[in-house]
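Please find the structures below.
Here chain A shows up in two complexes: once beside chain B, once beside chain C.
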Partner chain A sequence: MKNKSISFLKNQTNLIILIFLVIILTLAIPSFRQVSNFLNILKAISVISIVSCGMTLVVIGGGLDLSVGSTFSLAAVMSIVMLNRHNVVLAIIVPIIAAIIIGILNGIITSYFNLSSIIVTLGMLSVVSGFALFYVNGGTQVGNPNKIFEAIAKINLFKIPLYCYIFIIIAIVYEVLLKKTSFGRGLVLIGTNPEAAKIIGINITLIRTLSFVICSFSVSIAAVMLSSRLMTAAPTAGVGYEFDVITAIVIGGISLGGGKGNIYNTVIGAILLGVIINALTLTNVPFAFQAITKGLLIILAITLDVRARSSFEKQ
Partner chain B sequence: MEEKELNNNQYDNKLLKVEKIVKIFPGTVALDEIDFDLNKGEVHAIVGENGAGKSTLMKILSGAYTKNSGSIYIDGIEVEINNVLNSSNLGISMIYQELENIPKITVSENIFVGKLPGTRFMGFVNFRKLYSETKKLLDEFDLNIEPNMKVNRLTIAQQQFVEIIKAINARNSKIIIMDEPTSSLTKDETEKLFSIIRGLKTKGISVIYISHRLDEVTGISDRISVFRDGKNVGTLYKENFDAQKIISLMIGHTLEETNKAKILRKKLVFEVKNLNIKNRIENFNIKLYEGEILGIAGLMGSGKDELVKSLFGLWPAASKELFFNERKITVRTPRDAVNLGIVYLPEERKIQSLFLTLSVKYNISPIWLFNICRKFFINDLKENELSKQFIKKLSVKTPSIYQQIVSLSGGNQQKVIFSRLIAVNPKLMILNDPTRGVDVGSKEEIHNLIRKMALEGTSFIILSSEIPEISKIADRVIVLSKGEICGEFIDEKVTTKDILICATRV
Partner chain C sequence: MRSNKVLDFFNEQKILIVIILIVAVLTIKTTYFISFANIINILMLISIEGIIVIGMTYLIILKELDLSVGSTMALSGVLAIYLQKYGMFVGIISGLLLGMAVGFLNGFLVTKLKLTSIAVTLGTMVMLNGFVFALTNSATIKGTNKSFPLIANTTVLKIPIPIIVFIVFVIIFEIILKRTYFGKNVYAVGGNIIASKFFGIKVEMVRIAAFVLTGFMAGIAGVLLASKLNIASGRLGLNTPILVITAVLLGGVSLSGGEGSVSKAFQGMLLIGILNNAMVILQTNDFIQDMIRGSILILILIIDAVSINRAKYI
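And then the complex of A and B:
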């Protein structure tokens, strides 16, 4: 019993750090403890968390998707362009379809030709961001007022915007996918030992590709949400997004080696990152130092991850 | 052993002498007070079954392992070998089965690595001198290799020759250890290697030659020592070489189970026609019946690994026709095979089978989950039930099904892998070294399990690094040599001795 509670605490390091951090910040910074600030944090993390949840599936399968940022840009501008030229339905559907196509390409190229997903999606990053710039001729798109489209961001339920609920639903659905379905199990097995997975006849191409598709799909949902909130979209909206997403995942303790992790940990990681950034903003720390903090956090988290893994191998 | 002919005073210029060396690994005694010696300019071969201790002793001499007790003398002086550098400084070089030449640099740079000839000016490399000196060395051994060629463009045999010359030139080695040097060489290349070895002898360099091929061993060696169970069970001199005698020393006096039951071969289950694998297997045909255990024996380089891998879609075949239950099938990937009810147990448990960081349950269920259930949502209760059932059936020792598999012993890990395969009621099981790294008790249990399943109708193709294992469980054994079937033994004709004689005859 004692052992169980100790190992439970050990697995919840991030949650404990988060709770302590929130307590300290609440005591130290008056503006932090206002309800509106907590809502701000929730709004800020919702968009990035949706992408992180999708990325978590890819990472557990032993891959990495660096093209999320440029896919985000493309989906965001497509959404606004479709809204202006056509209607709300296409403003939601078209970015999703475009993102799914990118996901299929990422998945098939990496798994069918057995290439490193880092390299393939790095290439895709450039291709898609070029395509986004070409699509709108480099200009930022401003959306015409549209009540229905704006509703995604504006409608509140119990004072919380609709899109925050979308994030929560996505997190729960992905966790179920990961824990309760053969797709999720396949990802865990492939991420742990791809060769063994191949020998026992698991369809690696299908499962890996599906994970990339879900990741890109999540990106497009996040992009549509942000477009609705801002009603503008630049073809560079998602630049550097992949970095924030990977930071959230690594802080959440998901091993980049694959095979390990869950959505819950990613969400905690994203909240932790969101709270830290929020606190830095509230205390007027310049953006440059925020970037430095993020970078140091990712290095620290990866160091801990690698140390944990090497101590496992010694065992 | 009456064949022991040690302490012959005719050989007194001992270059290397090894006395009572003991090496213990967790669970096994790999070397049990072994003695061995080597004269100057002598070729001393070591033969023995896998696990007899040959490689362990060589790894101690080359500094990869350290001994638990015993002494090593070089030129009569006791030495300690604690690491590879020690060994190299004492003049010992090992030519590995996997070569360790630096691939992207030239032959001459390899041969002179660490002692490149300089120019008088600022220590630049004198490439003209490097070229001519290399040429001289290569000519000395009558080797037609261009010194400026990049090593990765040479054939395996040429790389090996370069490695040998590197050993005597760059490291001034006096003792060269060759471990199965001919396993990937052609007949001509083997001849070439032997002429190099004769050249080494005239230079006073000694060779320890490890091989399974008795014809070669008796042809090139001055003495042959036979290892069994970590002991040197006999040393024969050139005058007394006799293949029969060597083989009986290798096997020892274990009783052979001669009364193998004749099995009924009624229903044809699996047939391979016209299988060709580039550079490995030529026109291979085999039939397998229901409930039959077919053993495939062969030395390294015989093509047996590539053969079973290609049956399972893990190695490309130039041509193959497979029939399963008299229906033609295509197996392009492992998935095709698994879907038909054919499962494969790979030889490297940790690398190719286990999901090390996951639980026992996750390691048992996957094939069942993906090929029998085929449901999108996993039925947790059913999965737990299945795992518990097989843990009980195969008596896997684990605290629970949630235990990480890495914490189990090798034998229990292997039983988990067997559970995984058996859970789908396979019609044909291809097992590559099914008891490697498994303790004696679990080994027996696995053998019993295989026999029981065969009686119930499952067919088996089994490869093993130990021939006694094959002769113990197989109903029929085919022996491969250089990609062709060179012998077949059925029912009561399956004996370790005959298989060994057949496999070691080149």
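And then the complex of A and C:
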């Protein structure tokens, strides 16, 4: 009984840190405790969290997708271009289809030829970012005013923007996919022990490809959301995004080795990161020191993760 | 049997073959391509980041990656320029020391705390970027010392110094990798870490040394780049980790560790340089150049995978 509660607390380190941090910040910084600030944090983390949720699935399957940043750029510019040239429906559907194609390519090339996903998606990063730049000839796209498209970011339900709900729905759906379906169980097994998964008869190509497709799909949703919020899109919008996403995942305590982790931890990691960045901004800490803090956090998070794991293994 | 040998040769030397093909096609198109000036041009483009490729090759043979090389390069350059007020050599030496210190930190965290190198170096990358922005106030800083720019802009026998440093380092570190005790240990640890430990190789020492080497190379690259441009900024080095890793892998060094060489990685970097140059000469759209580079990387990987599979069935 006691062991159970201790292991529960151990698994919730991030949540506990988050709660303490929020309490301290609420007491210490007056501007932090305003409702509008909490909304700001939610808005800031929604976009990146959706991508992180998708990436979590890939990481659990033992892979890594470095092409999320360029896919994000491509989907964002496509969305605005489609909006200007055609209509709202295409502005939402075309980026999603493009992203799904990228996901299928990533998944099939890595799993069918049994290649390292880091290198394949690195190649895909160049291809897609080149294509995104070529598609709009390097220029930032400004969207024509369109009430329906802007509504994705502007409509509020209970004072919370619509796209924050999209984030919450996606997180829940992915968690269910991971925990309750044969896809999720297969993915965990592939991440833990691919040889065993093959022997049992799991279709590795299909499941891995599916995880890449879900990841790219999430990227396109996030990109459409951001395009709707800003109504402009640069073909370089997603440069370096892959590193931000991996940061959120690592802080969430997901092992990059595969086979472990869940969406809930990723979301807590992303919120934790969002709250810390928000607090640093509110206290006027320069951008440079925010980056230093972020770097320290990544190293601290993985160090703590390994400490926890090795003490667990000793028992 | 004989056809297999021919196949093996082609498989082993495919990068060289691709390079020769590109050169042949372009020479037919324009004689400028193989002129001395253009060869120097190509080498100059790849030499500074090519120095980092050497260190990264050691790491990839050891099954590690270093994502922090770009920001290490940027910070070394910033230090080299920022500390010029205390004398040129103070700046240069602190740039180099910084590279080694970052490498040691990475190596220490990865080996002693048993952390994943991708995650650790991602952390140091973000952190160092922060230091760069803190020192430069997110702006570009200019050098004030008159002799500092001469380091990278002087030519010996018409060859600029960065190229000489690059080529000499490729040769030295290829020899170290192939002919010394340390180099053999690098292959052993990359191939099978547990067996290496069993044979009494100081595994941790070898891995830390490779990280320090990579950091040192990034430091040299940073100082040379700062000297070449006489400026330093946080924007320099953003694409470096991806470029460097692509070059090593393009050269046919496998991410599964235990194999590869500096000369192979050099071929990979050379291919990138020649491709870039060829596409500029052919006036290919900048953005299509990115796509071609990425496609070639994926294509070579697939060819590699298919030929390995065939080898298995034979």
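As a convention for this text, the second predicted complex is superposed on the first by the 304 of 315 C-alpha atoms of A that agree within 3 Å, B and C clash if a C-alpha of one lies under 4 Å from a C-alpha of the other, contacts with A are read in each partner's own complex, and residues count from 1 in each chain.
By our rule, contacts are C-beta pairs under 8 Å (C-beta built on N, C-alpha and C of every residue); 3 or more make two chains touch, one makes a residue touch a chain.
As the structure is a computational prediction, the values presented were derived from the model and not from experiment.
Novice: Could you classify chain B and chain C on chain A, in the superposed arrangement, as clash or fit?
Specialist: Result for chain B and chain C: fit.
Novice: One more residue to check, A:Gly259. First (chain B), second (chain C), both or neither?
Specialist: first
Novice: Let me test your reading of the model: by the given contact rule, A:Phe183 touches which partner, first (chain B), second (chain C), both or neither?
Specialist: first
Novice: Who wins on chain A residues touched, chain B or chain C?
Specialist: Tallying touched residues of chain A, the top partner is C.
Novice: Tell me the contact category for A:Ser49 with respect to chain B and chain C: first, second, both or neither.
Specialist: neither
Novice: Name the contact category of A:Val120: first (chain B only), second (chain C only), both, or neither.
Specialist: Touch status of A:Val120: second partner only.
Novice: So, does A:Asn278 touch the first partner chain B, the second partner chain C, both, or neither?
Specialist: After superposing on A, A:Asn278 lies clear of both chain B and chain C.
Novice: Looking at A:Phe134 after the superposition, I want to know if it touches chain B, chain C, both of them or none. Which is it: first, second, both, neither?
Specialist: second
Novice: For A:Gly295, decide between first (touching chain B), second (touching chain C), both and neither.
Specialist: After superposition on chain A, A:Gly295 lies in contact with chain C alone.
Novice: Vertex at chain A, arms to chain B and chain C: angle between C-alpha centres to the nearest 10°?
Specialist: In the superposed model, the angle at chain A is 60 degrees.
Novice: Classify the contacts of A:Asn193 with the two partner chains as first (chain B alone), second (chain C alone), both, or neither.
Specialist: First partner only, chain B.
Novice: Figure out whether A:Ile202 sits in contact with chain B (first) or chain C (second), or with both, or with neither.
Specialist: first
Novice: Looking at the superposed set of three chains, what is the minimum CA distance between chain B and chain C in Å?
Specialist: 5
Novice: Shared contact residues on chain A, chain B side and chain C side combined as an intersection?
Specialist: On chain A, no residue contacts both chain B in one structure and chain C in the other.
Novice: Enumerate the contact residues on chain B facing chain A in the complex.
Specialist: 312, 314, 333-335, 337-339, 343-344, 346, 351-358, 362, 366-367, 369-371, 373-378, 380, 406, 420
Novice: Which residues of chain C touch chain A in their complex?
Specialist: 65, 67, 109, 113-116, 118-120, 122-134, 138, 238, 242, 245-246, 249, 255-256, 285-295, 297-298, 301-302, 305-306
Novice: What does chain A use to touch chain B in their complex?
Specialist: My answer: residues 180-183, 185-186, 188-189, 192-193, 195-203, 259-260, 312, 315.
Novice: For a test of understanding, state which residues of chain A touch chain C in their complex under the given definition.
Specialist: Answer in residue numbers: 64, 66, 109, 113-116, 118-120, 122-131, 133-134, 137-138, 239-240, 243, 246-247, 250, 255-257, 286-299, 302-303, 306, 310.
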